[in-house]
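In what follows, chain A forms one complex with chain B and a second complex with chain C.
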Partner chain A sequence: MVQQLSLFSAIDDPSYDLFISTIKTISGNPPVLFANVNTIWNLNPDNEVQQINKKNQLVEPNRIKLSTNVPLDILADSDSSDSQSRAPRQLDYTLMKHLQTDALPVIEGELKSLLKNSGINLTSDSDMNVDSDVKQSNNNNQAWSLSMSDIPAAGTSKKVSIQLISESSILFTDSNASSLTAFMNGLGYILDYSYITVGSKFFFPDNLILDAYKIWNFDSDKSTQLTKGGLLLKAYINVSKNTDIERINQAEKSLLLLQKELQGFVEFSIPDRQSMDSRSEAPDII
Partner chain B sequence: MDNNIMSAGTIQENTKLNYSGVPGQALDAIRMRLSQLLHSLKRIRDEFAKPGTQQWYTLQSQLNVTLSQLMSATSTLQHFQDTLDTTVVYPLPKFPTTSHESLLTTLLRKKNIPEVDDWLAMAKEVSGLNPELQNDEEINEILKNDKEVTKWVLTSLVEEFEKYDFKRLYNGPGVDSSTTPKYAKPKQPFDINGIMDYLYKGKLPERESTTPETSL
Partner chain C sequence: MTRTAVIFNEKATPDALVEFKDALSNTLTSILEPWSLEFKTFRKTTKNERSSNSSNIMYSVSFAHHDKGTVLIHDKYAIITTNNSNDIPKDLILNTCSTGTTEPIDNLLALRLSNIWSQRQGIRGDAGETLQTTNLIVRVVNLFSSTGFKGLLIELNSLDDDVSEEEFKISVDHVQTVLKDINCKDFKLSTDRLNFNENNGNRKLNILSDLAYQYIQVLEY
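The block that comes next holds the complex of A and B.
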C-alpha cells in the first residue's frame, strides 16, 4: 500500500524536444524509455454480488489494473505505413516524436502473443472462455503488477493529488496453466479495457519520478491514441507508509519545488479527483 | 582646510589680499573626495565596533563603496599633482597662531609624519625594489612591467567574467542550434481530466467516441 503524491500536466508534440532538454538539465539524468501494457478489469455483471452496505460506502467494488512492461524490441514506429516491418529508428526518447498517429506503437502480433502467453485473449469478447484455444507457454512467464487505487483525498486546500494505491505482483497464477483471465475470473472480474503507454521517464532526487507518455486504447480491431497532439506528464512520489507524515510533507515539498521550477513552461496541476475515481459504478444487478 | 591655506599676494595686513594664485578648484575637489572617503571609513569602523558579527554582504558593499571613493580621491590627487607640487603654503599674519597651533604645525610640516614614513617603507619592502642596488632605469622598467601585468590581469578578469555570465543566451561553439529548439510555450493538447476519466474508468473522451467502452 503506497501513498502516491502526484501532479499532472500536458505538453504538445512540438515542445517535446525542449521539454526533454529542460528536464535533463534539471534532473541531471537522461530520459529512460518505457512501454507498458495495462489491462483494466471490472466486476463481472453475471455474478450476482450482493451490494452489502453499498449505501454506507463500506464495501465499494473497485476496478483492478493489471499491467506489465512491453519488451522494447516489439515497439514499432507508428508513422511508417508498412505495418509489418515498422522497426523504430532509434530506441530512445526520440521515438516519441514518431508516435503521433492512432496506430499502436507496438507490433500487434507480438503484443497479442505476449497477452496470450499470460492468458489474455483480446480477439473474443470480454466474457470469453479461457479454457478453450489459448495456448499456454509457461517458459515465458511475464510478471504482472496488480493495483487498485482509491479515490484521491478530498479537500480544496490540497496542493498535490494524494491517492492510496494497493499493489501486488503476480508471477504465476497456476504452476501448470498460468492464465490471468482464469485468475481474475476466479476473483469475479472480467476484462474491461486495455491500453498501452509509451513514454520517457526521468528520475529526480527524493524518489521523484516524472513520466511523459502517450496513451493508446486498443481492443481487438481498432486502436486510438488518447493523447493525440501531445504527451501526458505525471510527476509523482510514492510514500510507502501512509502514516509517515514527515515523508509525505517532504514529498509534497519536492513536487511543489518542481512545479515552481517549471512554472511558465509546464503548468502542473491536480486533476479532478472525480476523474481519478476507479470505483465501478453500481452495476444494477437484480 | 583650504580656508586656512593662504598664498600669494602681499604680506601687508592692510593691503587687499590677492587670492588669484590659490588653486581653489583643485583644493575644493580634493576636499570633497577626502571627506567622502573619511565618512565611509568612519562608517566601516562603526560597523566593526558594534557587538556581534555583521552580514558579509553589507560589509562587502561598504568596502566596495570605500574602494571606489579611494580610487576617485587618488585620481583627483593625480590629476592636480603638478598644481599641488608647485604650491607653497604659508600662514597670513592674521592667522590665530596660538589657538590653532597644532593645526598650523600639521599644515606646515615638511617631513612626513612617522606613520606615513612607515607606510612608505613597507611599500618599498613589499615591492622588492632596492634603490641602492638598482639604478633608476631598472626601477622604472620594473614599475612599467608591473603596470602592464596589472592591466593584463584586469582585462583578462573581465574576459573570464563574461564567460560565466549566464544571464545571456550563449550561442558559442559547442551549442548546436538545431538541438535547442525555439522557445514556445506548450499548448494544452488535450484535457487532462478526460484522460484521467479514461485511465480510471475507461470513459473514452467524447471527441473519439460517444459510447464508452465499458461493457457494463
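The block that comes next holds the complex of A and C.
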C-alpha cells in the first residue's frame, strides 16, 4: 500500500508558459509530456453487497480504477481546425497550449481500438455483450494498473492531503475473449465512467512530482473537457511503505517547501476530501 | 512454444517427494533454486438473482518463481499481475497510472474486496525442489493447507522453447512412469491450455495463465 501525499492547485491557460519556465528553474528538470486513460468501475447494482465481510469486519465497497498509458503517438491537437490531420505540431509540453477545447486530445479511433484490445468497450451495452466479439482476440500486451484508494485522512490539522492507495499491476489478460470487462464483471463490477488525462510532469528531488494536466470526460457520445480554461496542478510524493513515518514526515516537508516557494504565483492547498472519496455510494466525481 | 503440465497426487505421503527425486536422479543434469507456490480459493458472498451463470469461485495462484507473478482466474478469464515492483512497466509509472508500488492481487481481494469475495482455503508449498533433466524442468513440492498435508505436486516445464506436443507428451509420460514405479499411482494430470491461440501476444505470460489453469484443474476437480 502506498501513502500518497499531495497538494492541489490550478492555473489558467495563459499562465502556462510562465509556469513551465518557473518550474523548470526550480526543479532543474525539463517537463515531460504524459497521457493516460482511466476507467472507473463501480459495483454492479444487481449484486447485494454487504458492508461487512464474513469475519464481521467493516469493508466499505469501493470503486476500482483501471488505468493505462496512452501512447504519445496517438495524441492529437484539439484546436486544430482541420479534423483530418490532427497530428500535434510538437510532441512535448507545448502540446498543452493546443488543447483548450472540448475535442479529445487523442485520435479517438486509435484509443478505442487500444481499449477494445484489452476488452473494454465504451458503448453502453458493453457489460452485456462481451462474448459477442470473442474471436477478435489479439496481440494485446497493454499493461494496466488496478487501484483502489481510501478517502483521504481526516483532520483539520493536516497540512497536506494523505491518501492510502492499493495497487496491482496487470501485465496481461488472457482468455479466449481476453477481456478486462468480462473479468471485472466477474469480479462484481461494471464500468462507470472513463476519462483521459494529458499533461506535463516535473520531477523534483526527494521523489516529488508536479503534474500540470487537463482532464477530458471520455464518453462515446459526447466528450467534454472538464478543465477548460486552465490546468490542474498536483504536487505529490508516493511513500511506498505506508508505515514509514519518517519518510512521510520528510515528504510533507518537501511539499510544504514547494508550496512556500511558489506562494504568490501558485497557491497550493488541500482539496476537499469528500471530492476524493471513491467509495461506492459517494457521488460521481466527474 | 514452452509447454507445461501439472501433476498432483492427493494420496502420496510426504516421503514420496524424496522417492520421486531419487528415482529421477539418474536423468538429472542439474538442480536449480528452490521455489514456492500459493493457491487460494475465493467464494462470492453476494446474492445475485439476475445473472447466475457466472461462477462463484475465483482462484488465485501465486508463483514465487516465474517472475513473482500472481494469476487470478474467474470462469475462463485470467489476469496476470506482478508482485515485483521492478516489473511494473515503466510506461505506467511515467504516465501517472501507477504509483510504482504493486502488491499481490490476492491481497487486494482479501483486504478490500472481502465483502464480495471471501477466502475459502489456502494451499501452500514452500521450499520446493527444482530439478532439471535433459528436456524438462521438474518442480516438486509437498503441499500443505491449514489442516495439514495435502499431497505431492509436480510442475513440468519443457526446457525447449519450441517443443512439439508429441515430444512434450513423451517427456510427461516418462515422469508418469517414474511416479508409477515408486507406487505413486493415483495422480491427476493436467496439460490443458486456457488459451488455444498459439499466436497470442506475450508467450512468457501466456504460459503463466496456462499453468495457473492447470493448477486449478488438478487441485480442484
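In this section, the second predicted complex is superposed on the first by the 262 of 286 C-alpha atoms of A that agree within 3 Å, B and C clash if a C-alpha of one lies under 4 Å from a C-alpha of the other, contacts with A are read in each partner's own complex, and residues count from 1 in each chain.
Criterion: a contact is a pair of C-beta atoms (placed from the backbone, for glycine too) under 8 Å apart; a residue touches a chain by one contact, two chains touch by 3 or more.
Predicted, not measured: the structure shown is a model, and the values here were computed from it.
Trainee: Clash or fit: how do chain B and chain C relate after the overlay on chain A?
Mentor: Fit: chain B and chain C sit side by side once superposed on chain A.
Trainee: Kindly classify A:Ser200 by the partners it touches after superposition: chain B alone (first), chain C alone (second), both, or neither?
Mentor: neither
Trainee: From the overlay on chain A, compute the angle at chain A's CA centre subtended by chain B and chain C, rounding to the nearest 10 degrees.
Mentor: Placing chain A at the corner, the angle measures out to 120 degrees.
Trainee: Going by the contact rule set out at the top, does A:Gly186 touch chain B (first), chain C (second), both, or neither?
Mentor: second
Trainee: Looking at the overlay, what does A:Ser280 touch: chain B (first), chain C (second), both, or neither?
Mentor: Touch status of A:Ser280: first partner only.
Trainee: Determine, under the contact definition given at the top, whether A:Leu232 touches first (chain B), second (chain C), both, or neither.
Mentor: So A:Leu232 only meets chain B here.
Trainee: Considering only touches as defined above, state whether A:Ile40 meets chain B (first), chain C (second), both or neither.
Mentor: In the superposition, A:Ile40 contacts chain B only.
Trainee: With the two complexes superposed on chain A, say which partner A:Ser254 touches: chain B (first), chain C (second), both, or neither.
Mentor: Neither partner.
Trainee: Of chain B and chain C, which one touches more residues of chain A?
Mentor: Tallying touched residues of chain A, the top partner is C.
Trainee: According to the stated criteria, A:Thr68 is in contact with first (chain B), second (chain C), both, or neither; which is it?
Mentor: So A:Thr68 only meets chain C here.
Trainee: Between chain B and chain C, report the minimum C-alpha distance in the superposition, expressed in whole angstrom.
Mentor: 13
Trainee: Do chain B and chain C touch any of the same residues on chain A, and if so, which?
Mentor: Dual-contact residues (chain A): 43.
Trainee: Any idea which chain C residues touch chain A in the complex?
Mentor: Touch residues, chain C against chain A: 44-51, 54-55, 58, 69, 72, 74-82, 85, 87-89, 91-92, 94-105, 107-108, 111-118, 194-197, 199-202, 205-206, 208-209.
Trainee: Spell out the residues on chain A that touch chain B in their complex, using ranges where they run on.
Mentor: 8-15, 17-19, 21, 40, 42-43, 45, 63, 125-126, 149, 190, 192-193, 195, 215, 217, 219, 224, 226-232, 264-266, 269, 271-272, 275-278, 280-281, 283
Trainee: Can you name the residues of chain B that touch chain A in the complex?
Mentor: By the definition above, chain B touches chain A via 179-181, 183-190, 192-202, 204-205, 208-209, 213-216.
Trainee: Provide the residue numbers of chain A that touch chain C in the complex, in ascending order.
Mentor: Going by the criterion above, the answer is residues 1-2, 4, 32, 34-36, 38, 43-44, 46-55, 57, 59-62, 67-70, 137-141, 143-148, 165-180, 182-183, 185-188, 197, 201, 211, 238, 240.
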